[in-house]
Amino acid sequence: MNQTESHTGDPRFFQRRGPFALCKVVKQLGLEIDLDTEHAQKNFIGVAPLHSAGPNEISFLDNRRYIDLLKETRAGAVIVAKAFADKVPEHSVALISKDPYQSWACVAQFFHPAAPSTGKIHPSAVISENAIIGNNVEISALAVIGDKVKIGDGCIIASHAVIETGVEIGANCRIGAHVTISHALLGERVVLYPGVRIGQDGFGFAVTPEGFETVPQLGRVILEDGVEIGSNTTIDRGSMKDTIIGAGSRIDNLVQIGHNVQMGRCCIVVSQAGISGSTTLEDFVTIAAQAGLIGHIHIGKKARVGAQCGVMSDVEAGSDVIGSPAMPFKEFFRNVATLRKLSRKS
Amino acid sequence: MNQTESHTGDPRFFQRRGPFALCKVVKQLGLEIDLDTEHAQKNFIGVAPLHSAGPNEISFLDNRRYIDLLKETRAGAVIVAKAFADKVPEHSVALISKDPYQSWACVAQFFHPAAPSTGKIHPSAVISENAIIGNNVEISALAVIGDKVKIGDGCIIASHAVIETGVEIGANCRIGAHVTISHALLGERVVLYPGVRIGQDGFGFAVTPEGFETVPQLGRVILEDGVEIGSNTTIDRGSMKDTIIGAGSRIDNLVQIGHNVQMGRCCIVVSQAGISGSTTLEDFVTIAAQAGLIGHIHIGKKARVGAQCGVMSDVEAGSDVIGSPAMPFKEFFRNVATLRKLSRKS
Amino acid sequence: MNQTESHTGDPRFFQRRGPFALCKVVKQLGLEIDLDTEHAQKNFIGVAPLHSAGPNEISFLDNRRYIDLLKETRAGAVIVAKAFADKVPEHSVALISKDPYQSWACVAQFFHPAAPSTGKIHPSAVISENAIIGNNVEISALAVIGDKVKIGDGCIIASHAVIETGVEIGANCRIGAHVTISHALLGERVVLYPGVRIGQDGFGFAVTPEGFETVPQLGRVILEDGVEIGSNTTIDRGSMKDTIIGAGSRIDNLVQIGHNVQMGRCCIVVSQAGISGSTTLEDFVTIAAQAGLIGHIHIGKKARVGAQCGVMSDVEAGSDVIGSPAMPFKEFFRNVATLRKLSRKS
């Protein structure tokens, strides 16, 4: 196998549009840049990182850590913040953006738009005759669509997905391979990656002298518009009320969301974090990787919980916490320094 | 999508029995309560949480944190401990229970019993002709049942489950969608949620100068009666002896159980915890979320391991540990307080 | 269910060769041992652990912790290091090895070799007519093989595996049940356990005033020769360059590998660890269970990261770190001791 050369947009896996003249790209990005005629008409075939981009590819710099790569890039154009524009080599056009990473997202989508639904339903899919399937829905091989399921227009359901009885899915959702959904209502543009589990029973039981008595889990899971959920993440349905993931929130791989969790709009939950039952997150909360939150607590708006943090009580809006048990960032790093100093003395 | 109103027992997803007269409910719960005639005959249609229950629904209070909701509830009856009975509003009947949460489990099951097996085998399931399938077994679409598999009476096998060669499953088990089982023997009433992986090779290899040499994993997984295992949890088979999960134990989502782990009866393992190979847990051990145990250690009866705890050595029966490395609860919180005090001084 | 007796190599699940004369076993192990004639011709039927092995079974001792079992074993032969040879009971032949665990791997494989491909393709598998399937490939029930997929000679593809468009798999790979692979190139002898997710989008988006803008993930996943990946582990494809897992590396269950991670040869990543995007590991790095690495850092050759460690910066080659934030082992345990002492005083 000779595959050591890294590759952006390998045509075996990615569709590509273009080439596009640079002036068209700049217009697409909404940037106000005066290109001279020569540059404006030059054609570009795609995007690539600084170290591998060629003269007809566009690159970007977002992280100061990689500034040495900028100086040596062969890219024909580079999206940069104003502060770095003078570091762009002469043979390359500096495309100055207030938010280079957002511009990068935009230009990469321009060359490589997400494939739309083919509208085809594979004959091996098992679809209940009571299911209501919208227009232009793609359903791949061996997917299972249960009784009274509703699937909105333009959805893509990948191979082996299982959509259980009564589930409702809004328009233009993408449901990955091997996803399981039960007891749930999904808004529009929801994206579930492979192996996501939505709507199974929460971890609820009463302890009795004879063992454990299961408590029926009678709520649902609500995934609002634009929610995205990473591979093998698990979201349990509510016990009495619903588990709710607010519009636009992004959840990474292998995350656990317990029953009755209420998450606000545009929250971020990074991989392997866990949120215990009945905890609430207001809008714009960030939970970093491997953090854990106990149940029945409240995380205020725009609060940020650090990686591996163990949160045992409410977190105020706008605050940054880290450590286990959670404390303000400053206090945590002061503790680390203090203990190091004391250890050396002892 | 208009789904902000939370919903208990949405008929799209849950079957419901009843209505039932309150006297019948009280009898079902085994409570000794003298109801006056008017209350005894009043019909109830279901259960709901305090904040949304209506006059013909039953609710409960178990967590002191929610006592304000009790005072304002519209529920027709509320299950409470004796200590809170005087906080139940006048229009609501107080159903006094020694264990309100257990009574809640019982009443919720009464209105919403788990659906029994339909006894139907979907024609798309792929079933070996050498498999032995019991009476009244339900097998859903596209499940795969391997050679010489035995499935007991009354089992429910969901869509896309894969039961590999030789696996034996006792009566009345529920195997979720996308579950994989190999090299395993299951008792009765075992419940596996979607995406559970049972019986794959443990992480075993010898380090050699040329790389790693795989050690064949020649044991099995034994899941005793009544075990329940959460979504996407992985339980590796033993290397030489068996991996054993004791009767009645409850394991949450995304938990890792290594090869040769021996778990006693009625243990609890909360989400994202990990137990390394050859570690043993006696009966009634609790492992909280995201805790990790190294291999080859012994956890005594009724010990409790706190969230995110890192356990590097044996834990005595009945003790409570937390922290990484693990220490008694008291010591952990004293350490936290000491370090905070010293940091402020420095 | 009567299954308390633990069992090595249960014939319901494992194929077995033999019996073999001890001289043949010793030759297979490459050990230089002078057996007397009686021992040399004695037949052995298999392997078993010290506590359950019988007179015609071979066992081993690798961990000093189990030396008491050695003294009492009924095994007919025991693989041991020279230092323990005099602890082997008289009725048992001591098979002295410089690396008993490697010898154990070898003898267990001798009696229980991995089953080769049957070369059969199940009629229920859904295989694109543009896929290129090698010689002697086994494809189980309901697997899905996409357009232009290439599968090398001797591969085994288990039930319900989904191999998406364009994926290339080298010779003699084993792909477990319910695995999903997209945007990926696999070398030879790669082993993926059930529920592994390879090649889905990384967690990439730009934060905008209106919410999150998805950044197309245009790289691939490269799994080099001999890589093994545990159940329900997730490996995201690169954003612009590739995510690479180096030859011979072993990854355990429920691990998260972010986009653009570059892992060298023969690395070990234990269960529930997480490696964030764009971090690089040189050869022979070990990451213990539940450790977490932030993105964009570099871990030097042969470095070892302890369980639950939180790594926020580069780690030097050959060093051992633990704690959150990560520090040298010695410093960590000195800190623990210091804090305990100070707490007792206060």
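List of remarks:
So that you can tell them apart, the chains are marked A, B and C in the order they are listed, and the count of residues begins at 1 in each.
The rule we apply is simple: a contact is a pair of C-beta atoms (placed from the backbone, for glycine too) under 8 Å apart; a residue touches a chain by one contact, two chains touch by 3 or more.
Treat the numbers as computed from the prediction; the structure is a model and nothing was measured.
Annotation: the subunit B:subunit C pair of sequence copies touches via predominantly different residues, less than half of the used numbers being shared. In the CA-based superposition of subunit A onto subunit B, the rotation angle is 120 degrees, rounded to steps of 5.
If you average the CA atoms of subunit B and of subunit C, the two centres end up 28 Å from each other. In subunit B, 142, 160, 178, 195, 232, 254, 272, 290, 308, 324, 339, 342 are the positions where the chain touches two or more neighbouring chains simultaneously. For subunit C in complex with subunit B, the touching residues are 1, 3, 6-10, 12-14, 47-49, 52, 63, 65, 99, 101-102, 104-106, 108-109, 112, 114, 122, 124, 140-142, 158-160, 176-178, 193-195, 226, 228, 230-232, 248, 250, 252-254, 266, 270-272, 289-290, 307-308, 324, 336, 339-340, 342-343, 346. Partner subunit C is touched in their complex by these residues of subunit B: 126, 142, 144, 148, 160, 162, 164-166, 168, 170, 178, 180, 182-183, 185, 187-188, 195, 197, 200-201, 203, 205-208, 211-216, 218-220, 222, 224-225, 232, 234, 236, 238, 240-242, 244, 254, 256, 258, 272, 274, 276, 290, 292, 294, 296, 308, 310, 324-325, 327, 331, 334-335, 338-339, 341-342.
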